[in-house]
Structure formats: structure tokens, C-alpha cells
């Protein structure tokens, strides 16, 4: 069983999908001979041919729209948007069509497509290359938005996304593309969508997060543990639809909740989680919910990005604040 | 069309030409226009083979008359509050029927919203179209047409879908073609351009029909673009583009059939601009007299596609007034039956808004569905 | 002082702006001789000329992008998107450029543009004509999102938006375009942005809403009053940035909050408000926050739209629930 | 170009042509290519007036040498960790410098990200460009260039901005022109098309420069589109389009000046495709050897824009090796000074991320700004 990074696990899942299902096609800008700018599609064109693994012209609207047409014909398109900063031209196609095709045709046509994009900051990238705007997609009915935070989950969730009969936005936290390795069995096994993953059990406070921030959050949990505070860590993974039951259950146990995300705070996905707590978990809350997030500013160019990104220190502070309040 | 350019037909790059000389012509293009029957119903060009057969022409005629009969009825339904906003195809019947008649069953149509004439020929029922404009999603679940796309309201957004459909056909080696119909206004949108461009680059089995009815609501064809023809939008993509008289059903049928044949056999995409005219308001919610001179519409009446073919058939002695009356009566009856079905369609359950969102309703949405079921008193909180 | 409908007040504000400032330009699809499909721009082209009031080709991306270029040159563009369902192609321009121009050039260039669009359901419109996706824009740093809910506020807020030096998405609740008339003085006076409007004082429960839903919410407040329950009604008006202080203050007084919006619930703007309460108002909450919203489904075609849209009955029920909980 | 079509130049609609005849040609177009100096530095075409003046040519030469010197230094800075990802303009200096030299001060440039040669001529400082790629927004606050747009990363999204800029100029009756530069890859994007189309419809003072360097990262020019030339993208918009040798700074300067002159005097927009070649990697984060044959790059060396003009100047006896050495030394010194300024630029305050978000920080954001100030310990909750 190979020890793989997250981006290698993505590559492996793509290869597995192409291997087992002739309906799978992979495309995007620079994903062919170049293997994608992060090498997520490395070697796929050589192995599966230019008909199934193809470079597109520089047309994001088209990439998304074309995937819809393919999906309606029963292909399983897996399209790459090179960076999340260039995903916005796809929004119309995703919202107006991909997410609606099944509903508007009462199931006659449906849309088993995946739109992959690396997202998030922290890699010293140029302007528009460090975006975390998952909340835009998380608001869209009919869609799934899935974010892996480890090599194993990248492999299993991507396979699940590809073989799911409905459209999935699959956001890959590029800051942790190569941060850790995990043994990943190439067994073609999908992980479940629509459920949170409990990464760590705890009893004093629930830390809820996803994507690259799981890293800082787990670090924070470690540091809290050192101070005798037991933090439960939940990786939401599917942020649309959200498995609030798991989160509510955890907070029912701990009575405290810190939500961590990299995206801007206002109307971020953290708001939805906090809202669920205010609606359905109010009586179990011992302390105000805390959100540790990016600021409601534009993600700064890289000189300041570390000031923008939540840190484990901030998470620890917020967690302690929930404990003080009690 | 134009020079063999090594940039354009391979992955290798050769340097640009460097010889001595004056500003050289490196590419040239032309756009052609075709019409078979002129507006007086006279043969303007030797008729294509299919049009020598009476049966074929009559089928086109019938389809146009049915479409127009449906259209009138739909407008009447809207006026009496039995239908929502409706987009009429009055005057554009030939452009739709010609397309529908040229297509093979296994092809896929991606219509905008005035192609009823094509949709009916492909098996979409009149009842379905009425349900759609009647505010009911079931009108997009075409019972006898599994693969065609439903009507597309956000302009030109279906052009990329057509690319994907055509790609799937090509990948699977099928002898099928995707046909994407859109309006003159639609040609101003990036989606349209991106789709035409890649159809060229990838030589997809894809035919674009631009139904140039001279207006996009109140914005005239001239205001959309300075391009002399909309057919020349194809040049930007390096694919063939041409104009046909869109009120001449023979020309539409023939040129679309040609394009389909080429595309079906690996010859790549084509763009056909059908010159026609929107005789009615944009939709029943519009009042074209606000922005369009009445005499323009009057003047356009002489080019009517149905009257034209009727004249030709009559002149050939193949179609009596009696036959014509019978046809109209038959169409009325069909439309009435469809309207009856439409009005008799049982109400849809409110919960259905949850039932086709995903293949399986996510757990997270179950409570919402339940609260809708028990609505009224209990609210949707 | 003329009694005007909301859409007439929009028209009046546009005319006033064109009148007092030669830098104001108005454009969009069918906004010229046709006066806009809702007649919001009626007569403006005749009065202010084709150079300042112009029909554009059918190109929404362009409409937004062009506004940015004009704004950078010091014009005050007011662009119309015909229906919110067609606004999505503008998102890239709005998010990547309009909202960032000032920040990325450190103030050298800025973007005093307005993008207007009628939004919301309930008018028996065709597919894609009944959208309420304001949350997408409310997540974007650097942007303002403003929604009037009466003729007076339409006039005053639109003038404020036009003369604000930063970009504003101005969403007009088309269901109430002609519902009520109000006396509107054409005095060129702007209303303040970034603040909520308290439409009704109350002490038992706070009802927070915006747009067309203010109508149902005020109705609900009336019905509650009949039952002896005193509801405070807040029209958020500027949903980005949100004036949470006013909402928190009200809930500090009432201890109960019902948030009402037409948009889908998950990650809607109501989530942000509930989250603020969970963070900063927890201790004043006597009862779980309630959200009365559209479902997390696709806005259905018009036969079912009344089942989707929140009603005053639902609001009343939710309000009572907050009172029971206490 | 092409017939006078009543659809295209007025608001009135006349019916499509109806006469008898064969498929008629209704529009035709051609694309021309121009080069003055061939790659050997020989005169391929009688030089335009400005190029008769030694001073003018030398100015172009200097600007190209400065740009290349800057480019080398920037790459070196990136390699040593003193700069972020950087996009080189190696090999494309003529296409940028020709544009910058042709533009008037009052015009507005909307660049992509390889037009340093044009930006420098317009007053953008090298320090600013370094700050930008060094991850600092202050690099877009051009001190000596108030109105030009900053570098644009999301491909082709600045084309609509150029439309707005040009519209403002036209509305105000100014004799100014907007110039939008973009790449071959950018021509596949809907934004580009929508902008070119409206520039035509509205006859805006707007010149599009397509820097066709044959690659969009790893995607070749041929893979972007089947169009034989990128210049013909203009035909879709009914505006003039042409090719120039983009490595011939004289041709670029001359044709852009012509286009500006036309546009400035109400003659409408133009699209110029400059044929050039990206000699380096896409950016410092790219490795072009993964996808591009080395011999292609080798072969392209002979077309180098700087060597070409140098040969011509030398042949004319107007430029000695000594002078050339002095020029290079002078450019090195300038670049070094800019680098020094760049490296010495004081750090930016983290709170600055709040300070240019809006004209005035909304009250709602004050707490966030404060929590950033007191960060570290207190968190940003």
C-alpha cells in the first residue's frame, strides 16, 4: 500500500475511475501532457488517451457547461478548474443547470459530473490564486460540495463524487496537497458523502472545520490537550448538504463549539453551522459559538496572507474563550 | 476556407511567414446565402431532391400549420389566465420545422424556446409544452423523447451543453449529431462563442442554428453586433458558416440536412443563420408596439413561411382549398385534445420539489420535506 | 409629492441621478425605448439621450465588466440585469474586480458602480425568473448589497447606492414593485447605507427580514399584535455589510428572534444573522432562533411557488414557537 | 469589408434578399499580415516614417533591452526566494514596447501580465512590478500612472473593463483610446468575445492587441481554436482585424499607431494579432520542457526581436558595439536601483487589508480590524 500525498491520492482516484469505467472523462486546462499545474492528472492522458483525458481551450464557462452535456448523455465527466479563483465563470452553469437538470426534467436527465478545483491560500501564490469561496456553492440547492482533508479522504471522497449520480463541486485544499502522506489502498472504495468525519473524540469543546484548516485545528486540539482540555474535532467534508446531526450531537455532548474556516466570515459556511446551533442546539450551548475565520476582507497578496489565515493559536484562544464563558 | 496554416492544424508551431512583400493576405472568407422558394412561392433555385416529393413537402406544411395552430391556442390560453407567460413562434415555423424534419431520431436537439415546430416533430408533445409554460416541471419530462434537452431560458447557456452532448457522441463513435438552436441575441453571449470555438477545435458533430428573427426583445439585430451577418460568427471559430432564408422551409431543411450529414460523418460542425422574423410580441408579457414600428411587421407579412409553401403547393396543383381546410381542422382538433389533456393534468404534489433534487433525498433535507408536507399550520421552520 | 410605487420610485431616483450628475449612465438589456421589462427605466432614454441611457447587447458578463471600466474612469454606471436569474455571469466580474479594484490599487482606482436587478418570486414568472440568491453576493468582501422594501427606501437607497464611491448590488423585490404606493419627495436625498431600518417597535420578539418578505413579516406582526404579542420588525436593507448591532440590540430587548427570507435556507443571509446571535447574543436569547425561509430546493415553477414562499402564517407560527420555548 | 447590409447599420430592418439565383455570396473578408524588418534585420517593406528617424528606433531598442534586463533580474530574484511567481516576457519585448511607444500619455492601457515593456514606457516603475509579484498590493498603485489598469490575472476579464474605459472616453468626447492586451489563450474566453463584439457595435475607441505567443501554459495555439488566424476573431464582431509580426517592433509600433489614430478620430476599434513566441516558461512556477519540444524554442531564437533591431541598426552603421555595451550597462544599473528600492520597501501593515476595502471602513468591520491589530494572542474571533 503506497504512502501518498493528498494530490497523489487525487491522481490515484482519477486513474482508478478512468480504469474501471469507460464513461469517465477528465478534462480541463493543462491537465493533459502537463498533468495539471499541481500534477493531479499526471500521466492520465498517456494512459487513457487524448479522447478521455483532454486539454480544453481557456473557457471555464464552457468547461462546466460541456460537463453538463456529457453527463446528460451518461458520461461521468470530471472537469478541473485550474484554481478556484477562476471558477466564477462556471457558477451560472452550475447553479442554473447542473444543479437543476434532474429536478427540471423530473429525473429524465441527470447530471453526474464533478468539478474539481484546488482552493485556499498559504502557498505564496499570485493574485486570485488563494481563494476560499466554497460558501457560494454551498448555498445552491441540488448541488453537493465536498472537501477532503487527508489523502485517504481525497481518494475515497473523489471516487464517491465521480460515481455519485448528481453534480459535485470537489474542492482540494492545495496548501496540504503535499503536507502529509498516508497509506492509501487503491481498492476503488468510495467513502460516504453527506457525512462529517470525526477526526478526534473529545468532551470539552467541539472544533468544526474542513479542508486545509483541519491541520491547524488538529494542532489546536493537541495544544488544548496539553492543557488538559479535551477537544472533539469534526471534519465536515461535505459542506453541502451539511450533516448537522453529527455536529449537533457533538455539541450536545461538549456544550461548546468553535467553527474554523479559511473563507471570509460573513455568510461563510460557518454561519450555517452556527445558525443550526442557534436553532437546534441552543439549549446545549454553555458558551457563545466562536468562529475563527478569514476576515471579511479580500484575501491579501502573499506578504500578508499569514495574517489572514486562521492559526492554531487563534483556534486555541477561541476554544478557551468558550470554556471561560461557562 | 483560407490558407493552410501550420498553427491551425497540428500541435507543432512553425514561425510566422517572413518573406519580403507588401502586407500580405493570409486568410480570406466568404459567407453565402441560400433560398429555394422566394416569398411568392416561386422556385428561386432548383429544388433539392427531397423537395421533388409531394409527400415530403406536405409533411413540412402540415408541421408548420400544426405549430401555428398550437401557437394561437397557447396565446389564447394565456390571455384567459390558463397559461403563464408564453413565447410565440409565429412567423418562425419554417426555421423550426426545417430543423426538426432534417434531424434523425437519434440526434439530440438543444432548443432555445421558440422551436416548438422542431420539438413536435421529435416527439415532444403539445401537452408537455403547455405544462412547461403552465408552470409545471413535468412539462420537461418528455415522455417520447428521452434525450433532447428541455427549453432553455437563460440565453445561450445551452450551447456548452450541446458541446458536451456532441463530445459524448464522438467519443462513443456514434453516428449522431447535436443540434443547438438559438437566437440572434444569443450570439452576443460568451457561452455561444466558447461553444462554437471548441466545436471547431475539436471538430464535433454539432450544428448551430441561429434563428435570426431580427429582435432580442426590444434590441434590434443591428444593435447586437456590427457583424454584417451572424453566419460570420463561425469564422472566429474557423468553422463553416452560412445563411439561409429561414422562412423557406425547403432551404432550412436542405441546408440543415447537409450540415447534419457532414457532421454525422466526421466532417465537423457548422453554423447556419436562418433569416426570419418574429411576427409576434417577444412573449405574452411583452408589447412590441412600444419599440417596433407597425409597418415593419406589416411588411414582413409577405414573407410568411406558411403562405409561401401554400402558394407553391397550390400552384403545382397539389393542394386544394378543401384539403387545406381539412388540414387546419385536423390541426385544431389535435391542439384541442392537447389542451384538454393539459387542463386535466392532476395537480402536482408540493413535496415533489424535494423529490427530484438528488437521486436520493439527503437526510439533511428530510425535515424540510416533512415540514412542507405538514405546512400551513406548522410553518416551514 | 407624488404617490409612487416601488418601481416608480426606482425610476424617479434614476432620473434624479441622471439629472444632477452628468457622470451617471444607465444601461442594460431593453432599458432604452422599452423602458425595461418592468418599466424601471421608462422615459429615461428619451430624456437623457442614447449616450447616457443605452441598450446593450445580450452579454451580462460584459455589462458588469464594462461598468467597472466606466467606474474606473469616474463615471457612475448604473447597470440593469433583467432578472436576477441572469446575474450569475456577472459574478466573476463583481467578485474578482468590482469588489477589489480599490483594494488592489490601494485606492488609486475605485469602482462607484451599481448593478440593479429585480429579484424574488411570486409573480407567476417563467423558469429562472424568480431567484433570490442574494447570499452569494453578501459573502463578497468589498461589496455592498442593498435591498429596498418600500417606495421611499427604494428612492433613498438607490440614490445612496449610485453616489456611494464603492460597488453596490441593488436588488429590487419585484413582487412588491407595484404593491403599495407611498408619497415620495423627489428631493435627491439619499438614505443611509449599512444600517437596518426598524419598521415597527416591539418587545416580545424580533422579526428580521428584507425585500418583499417585509410585507409578510409586517402582516405577521399585525396578527401577532391581535393576539397580544408585540413584535419588533427590522428591515435589514443593507445585507452586506450587515448592521448586526441593531439586530443584537433588538434581540437583547426581546430575547427572541425570527429571521425571514425567501431564499433557500442553507448558507442564506439568515444564517449569518443567526450566527451573530449565537456568537454575540447568546445570553440574551430566551428561545432558539427561528428561520422562516425558502426550502433548500430549487425555486419551483409557478404552480408551486406559493408553497415555497414563506407566508405570514409561517412567520406567526415561528414567532409563537419562540414564545413557547421561554 | 463586405457588403453594406442594412441589418448592420441602422435600426431599421429590411427583409433578407429574395432574388432568384444560386447560393449568393453575401459577405467576404480577408486578413492581412505585415512585417517591416525580417528576422535577419533586413527591410522587408518600405519603412514607415517614424522608423526613418534614428532616435525613434533607438528609443524602441532601449526600451526592449531594459525590459529584457528587468526580466532576467526578476527571474533571478524569484530563484533566490526574493520574489514570488513571476511571468516572464522574454521574446515578447517588441510586442509590448511597440504598443507602449505608440500610445499617447492620455490613453489607457489595460494589460494582461507580460506587457512590462509597454508599462514601463507609460510610467509604471520596475519597483512597482516587483512589488506586485512580490505579493504586495502597493505594486498596483502606480505612482506615475494614474489611470492605467493593473496587471490582470483572471484571463480576459479585463477586456470588458476596456470597453467601459473606452465608453467613458467616447461619452466625454475625449481624443483618447483604450488599449487592451491579451494572449492567444485569452481569445477563447467569452469575456474577450463579448468585449470585441460591443466595441464593434458601439464603435468605441478601443484597440485590442492579441499577443499570440503560441502557448497558453501547455496548451498550444492550435489547440485553442481552429481559426486560421486570431485576427479573424474580429470578423465575428464586424471590426477590422489584422496580423503583424510581433517580433518586429517597427511593425507593432506602426500598426498600433495607425489603429490608435483611427480610433482616436472616431473610426472605431481594431484587433491586432501580434505573432510572437514565449521564449521562457509560462511563469517561474512552470516547466515548459514538460510539454514543449526544445527544438521549437531553439528554432524560435532566430526571430528574436532585440537581435533583429540590433542587426538593422548595426547594418545602418548607427550603433556600435561600444554603444550597445553602454546601453546594457545603463539598463543593468537602472534595474539594480529598482531592485534595491523594492527590497528596501518597508513592510506593509497587516491592517492595510481593511483600509482600502471601501472608501470608509463600515462599522461592521471595525471589530475585525481591531482583532487583527491585536492578533496573535487574542485570535480573530
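Which chain is which? They are A, B, C and D, in the order written, and residues in each are numbered from 1.
Heads up, the rule we're going with is that a contact is a pair of C-beta atoms (placed from the backbone, for glycine too) under 8 Å apart; a residue touches a chain by one contact, two chains touch by 3 or more.
No experiment lies behind these values; they were computed from the predicted model shown.
Student: Any chance you could name the chains that touch chain A and chain B both?
Tutor: Neighbours common to chain A and chain B are C, D.
Student: Most contacts: which chain pair?
Tutor: Top of the contact-pair ranking: B-D.
Student: So, comparing C-alpha centroids, which chain is the farthest one from chain C?
Tutor: D
Student: Centre to centre, by mean C-alpha position, how many angstrom separate chain B and chain D?
Tutor: 39
Student: Counting in whole Å, what is the centre-to-centre distance of chain A and chain D, each centre being its mean C-alpha position?
Tutor: 36
Student: Note the residues in chain A that touch 2 or more other chains, in rising order.
Tutor: Expected reply: 56-57, 59, 61-62, 85, 89, 92, 96, 103-104, 127-128, 141-142, 241-242, 290-291, 295-298.
Student: Would you pick out the residues of chain D that each touch at least 2 other chains?
Tutor: 137, 154, 188-191, 194, 197-198, 201, 223-225, 352-353, 357, 364-365
Student: For the complex, give me every residue of chain B touching chain C.
Tutor: 84-85, 132-137, 151, 153-156, 185-186, 188-191, 216-219, 223-225, 283, 285-286, 290-291, 347-348, 350, 352-354, 357, 364-365, 368, 372, 375-381
Student: Looking at the complex, which residues from chain B come into contact with chain A?
Tutor: Chain B residues touching chain A: 108, 110, 137-138, 140-142, 146-147, 149-150, 154, 157, 159-169, 171, 178, 190-191, 194-195, 197-198, 201, 352-353, 356-359, 362-365.
Student: Taking the touch rule as given, give the residues of chain B at its contact with chain D in the complex, in rising order.
Tutor: 1-3, 5, 7-13, 15-35, 38-39, 42, 44-45, 188-191, 193-194, 197-198, 200-201, 203, 214, 220-229, 231-233, 235-239, 242-243, 245, 275, 277, 296, 299-300, 302-303
Student: Looking at the complex, which residues from chain A come into contact with chain B?
Tutor: It is residues 25, 51-52, 56-57, 59, 61-62, 64-75, 77, 92-93, 96-97, 102-110, 141-142, 144, 165-166, 194, 241-245 of chain A that touch chain B.
Student: Tell me, which parts of chain A touch chain C in their complex?
Tutor: My answer: residues 61, 85, 88-89, 91-92, 95-96, 99-100, 103-104, 127-128, 133, 135-136, 138-139, 141-142, 240-242, 263-264, 266-275, 277-280, 282-283, 285, 287-291, 295-298.
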